[in-house]
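Listed next: structures, encoded as structure tokens.
What follows is chain A paired twice: with chain B in the first complex and chain C in the second.
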Partner chain A sequence: MSNEKKFKEIIAQYSKVKPEEMTDEMRFREDLGFTSLDFMSFLGELEDSFDIELEEENAASVYTIGEALDLMNKLIEE
Partner chain B sequence: MREYYPLTAAQKMHHKWIMDYKTQQVSGVSVVVSLQVPLDFKILEKCIKLEYERYGCMRIRVTKPDKDGNSKQYIVKNDEREIPLMDLRYLGSIKAADDYLQKKAYETFDGDNIPLCDISLIHLPEGYNGFFIHMDHRLIDSCGLVIMVEDIIKLYSHFRFGSEYPEDLADFKTVLLKDLKKASNEKRFMKDKKFWDDQLDTLGEPLYSDIKGKSILEAARKKHKKKSLRAADIEMDNLDVKVKDYYLEWEPTKNVLAFCMNHNLSMTNLLLLIMRTYLSKVNDNQKDITIQNFISRRSTHDEWTSGGSRTIMFPCRTVIEPDTDFLTAAYEIQNIQNRIYMHSNYDPDYIVEEMKKRYKTPEHTSYESCYLTYQPMPVKINSPHLDNFNVHAKWFANGAATKKMYLTVSHTPDGGMCFSYHYQTACYDEHDMELLYYYMMRILFKGIAEPDMTIGEIIKEV
Partner chain C sequence: MLVRDLIENSVEKYAEIPAVKWLEKKVIKERSYKELGENIKALRCGLKAEGFEDAHIAFIGASSVYWIESFIAVISGGNVSVPLDFGLPKEDLIELINRSDATGVFLSPKKKIMVEEIIKECPKVKKIWLLTDDEVEGDKILDSYTALKNKGVNKEDVPAPKEDKLATIMFTSGTTGKSKGVMLTQENFATNVEAVSYSREPGMIMMSVLPIHHAFCLVMDWFNGLSKGASVCINDSLMHLVRNMGIYKPHVMLMVPLMIETIYKKLASVDASVPKAAVKANVFGENLDTIFTGGAHLEPFYIEKFKEYGVDIYEGYGMSECSPVISANMPEAHKAGSIGKPVSNAEVKFIDGEIVVRGTSVMLGYYNMPEETKETLVDGWLHTGDKGYMDEDGFLYINGRVKNLIILSNGENISPEEIEGKLALNPLISEVVITGENNALTARIFPDRDYAKLKGISEEEIKIKLQKIIDEFNKTQPAYKHLVGLVVRNNPFIKNSTRKIKRQEVLVDEAMD
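Up next is the complex of A and B:
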């Protein structure tokens, strides 16, 4: 399974939006219905699933699926 | 072969209170849900029995504590008890029935390896009918109970009116195993530990603040003969609790909600700010304030529908300068809360242990007098066949408080808000709660009307 697919499947555990309906522009709070707790818990899930370390400052500037995916891919490459 | 599992951090929190206070009463949770319409009790009974099958957390048993007070849990396959019927129509009024149920809520589940969940069908006065749930918090939290009530209503609607059968609920055991795996992830544990230890490294020992002001800390300093003591005593013997509810009407609530929405603030953080500002005001403008805030760790679909006890409390500690404006202070709280959310898999008992180790605080002392829960989920009757009828749904306090003051804020069916103050009578009286609510509201409405005003100015003005 590609990282992007796995990533979207994790998002789908928190949201009513199906993976195939997700677009890069979708915002976590407004479009996917995440609360602050959901978002922070989701970041923790990403860390565990992809074995990456997210800096809290970087995570704070993530608003959309595309931004989160870019950040995640960058951290996986590192 | 029976499988045994450790308790999760949230379950351990309740278990520890039971052990420390030597009564299960501190872990009781009760709710009555009823409608002003005749119900088919044969069908309702069938739905409740079915719920025992669907909602695995209802079948949890807790083993006898070992020599260190630790217990394990297991889930029995079936729970085929009869569902009793309580007929309270003879009491004549809902008020009298509520008083009766309040006493039922004080009852304890005594023993090990026993069912910790009782549900009764209930006839109430004034034509109300429904069910009364009495459970142990190690099995469920209030969000879990709301989901359970909704599921029973959906089942009833299906069997009584032919509406759609409700979707399956998540398997409790699967979610439990996932939680336990997360908790035993060493890398995550170290990261969480670092976050909480860093806070103590940066800010040092917390400082107690009381609703009644500095005199409480001074009394503790005198008692323990330690002038530098920064924690105050907890009441361990007299757990008698009283509840004082205040209602904020729809119109002012609308303004508060609009303020939160317009400034991207969560209600919890706004409540934490007004509560900490009051504590600062009555504790000689103390800047370093800690409030225990309850978090319900339900984010994924499975976490929402698996039941279980997922609510856990973490200290929200902020040091806010008096020249900070109201909105900036709210964002400071939001920032720390977001970071806490990221580290909320941590067992808060480790934070307490670390502080005891560092600061050698005396037994049964604490840095906090206030505990907060924001409960955005009301008990709802989600059925087109039943939602036209009057509902009587009420939560009952278990009558034994482990905390000096525990505020639950919830939304009312008319769009307003309820501020429910549970206070230990050994520490406070109704007048203390009146003052607390009065000033919290003054601070709230001053702050949202003039968010550029500084905390120092607000404290002076209200």
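Up next is the complex of A and C:
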């Protein structure tokens, strides 16, 4: 499974939007219906699933799927 | 009884048991009760050596062993602690340091960037201690937790304060927009801990996941847990809530409803064929059997669902002004949907349907706010702002609010006026009402179209500009205060005879807007 597909499946656990309907511009809170805790919990799952370490401070500026995906890919490369 | 007595009893009885556990680079660190007791004593003697007596001392930082030891040192030596929400914007923190007359600040190393600003903007502050055992290149004002502790080692102990002595000023959302400093005494805290009693073996594991500056976490996770000989484990981030349950394997946790709802999503996403015991081990870390919840209403549905995994949820009710627990469901007496029976030191009655409380955990008043104090404390009865009733078995229920506060399921109380006041400063906003729906805040704005016209802002651009204003506002606020929705109105809000917006009619009126 590609990283992006896995990433979107994790999002789908918290949202009614289906992975195939997700676009980069979608915002977590407004478009995907995440609560603030859903978002934190989602970040924790990204850490475990992709073996990366996220800083809460960096994640605070992430609003959209595209931004989260960029951050994640950057950390995987590192 | 004092908080100091509760802690010292435990230090004597449970000396070798871990009192606090925390994670450093995924490795569990521990502090025994004996070490905890020694550190608290050294810190309070250090404060005296530095000239801090009956001083107000602010705390800015997330839960840490340094935070809790310093906090107990402050109040057990007769000083007054002022725990602040470290997620607030720095100008708000500065304002609260000044408004609480703090002369010392314990500061998280993550907020070190604020040091210069505190020195510049808070003239009363004489010392800032970083909450770390790392070396700090100190100067006259900046120092560290460790340096303070070292100053107090082998010094003669500081006498214990009196029971009626002010211990803490805790800021809480005010209904008029300005946060209010709830003044709590030594007795307020200690008697609330004694009143919320449940029997567990010393060494039971509690995992603390709530913000430590909130009364529920501070009193019920920490003071209560430590008084029972629990090992209180610090959750390093909400990102790791589930992972850390697997690491610490707690027996008991305190949560706000939002956490329970989020964990439920996880339980519900597991295939039904997987045995419940396996799911429990995976999600709750094997041992969890009890969750105490409060801060907002929890749907009884979750109580039923969690029971299937062997986890009992007990809902309670309280507020900072009552140190904080007023009533609680307990293992020996509970009813789903209620907020439990009043605790032994809280007397409850109803005035025009409003729950009012009297007892040894009720606050002294609001710091430097005599008017607000007079409105809330009437003839010794604290007016909670919540409407409720009691059933024939003595269980309390809430069925509405008197005061205008939005209560989100993360337990945060939001004063809509506070946010409205800030947004209304923008000339493009003529009227604004903040509402709470689906656990998030929405700004409903009637723009100043005359101003827009003057500035050549088209109707299409108005929404874009307003969204930008909201995005900017969100950047300065903790996540729970973020405005998630925006509604742009065509017409002004309906007002009453005194020109105040009729809040209860905002949504109805919007349908016709």
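One rule holds for everything that comes next: the second predicted complex is superposed on the first by the 78 of 78 C-alpha atoms of A that agree within 3 Å, B and C clash if a C-alpha of one lies under 4 Å from a C-alpha of the other, contacts with A are read in each partner's own complex, and residues count from 1 in each chain.
Note that contacts are C-beta pairs under 8 Å (C-beta built on N, C-alpha and C of every residue); 3 or more make two chains touch, one makes a residue touch a chain.
Model, not experiment: these values are computed from the prediction.
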Partner chain in contact with A:S41 - chain B first, chain C second, else both or neither: both
Partner chain in contact with A:T23 - chain B first, chain C second, else both or neither: neither
First, second, both or neither for A:Y14, with chain B first and chain C second: both
Touching both chain B and chain C, residues of chain A: 13-14, 35-41, 43-44, 47-48, 56, 59-60
In the complex, chain C residues that touch chain A: 237-243, 258-259, 261-262, 265-266, 269, 409-410, 438-440, 479-480, 482, 484-485
Touching residues (chain side chain B, partner chain A) in the complex: 182, 185, 188, 191, 266, 295, 297, 299-302, 334, 337-339, 341-342, 344-345
Residues of chain A touching chain C in the complex: 13-14, 29-30, 33, 35-41, 43-44, 47-48, 54, 56, 59-60
Residues of chain A touching chain B in the complex: 13-14, 35-44, 47-48, 53, 56, 59-60
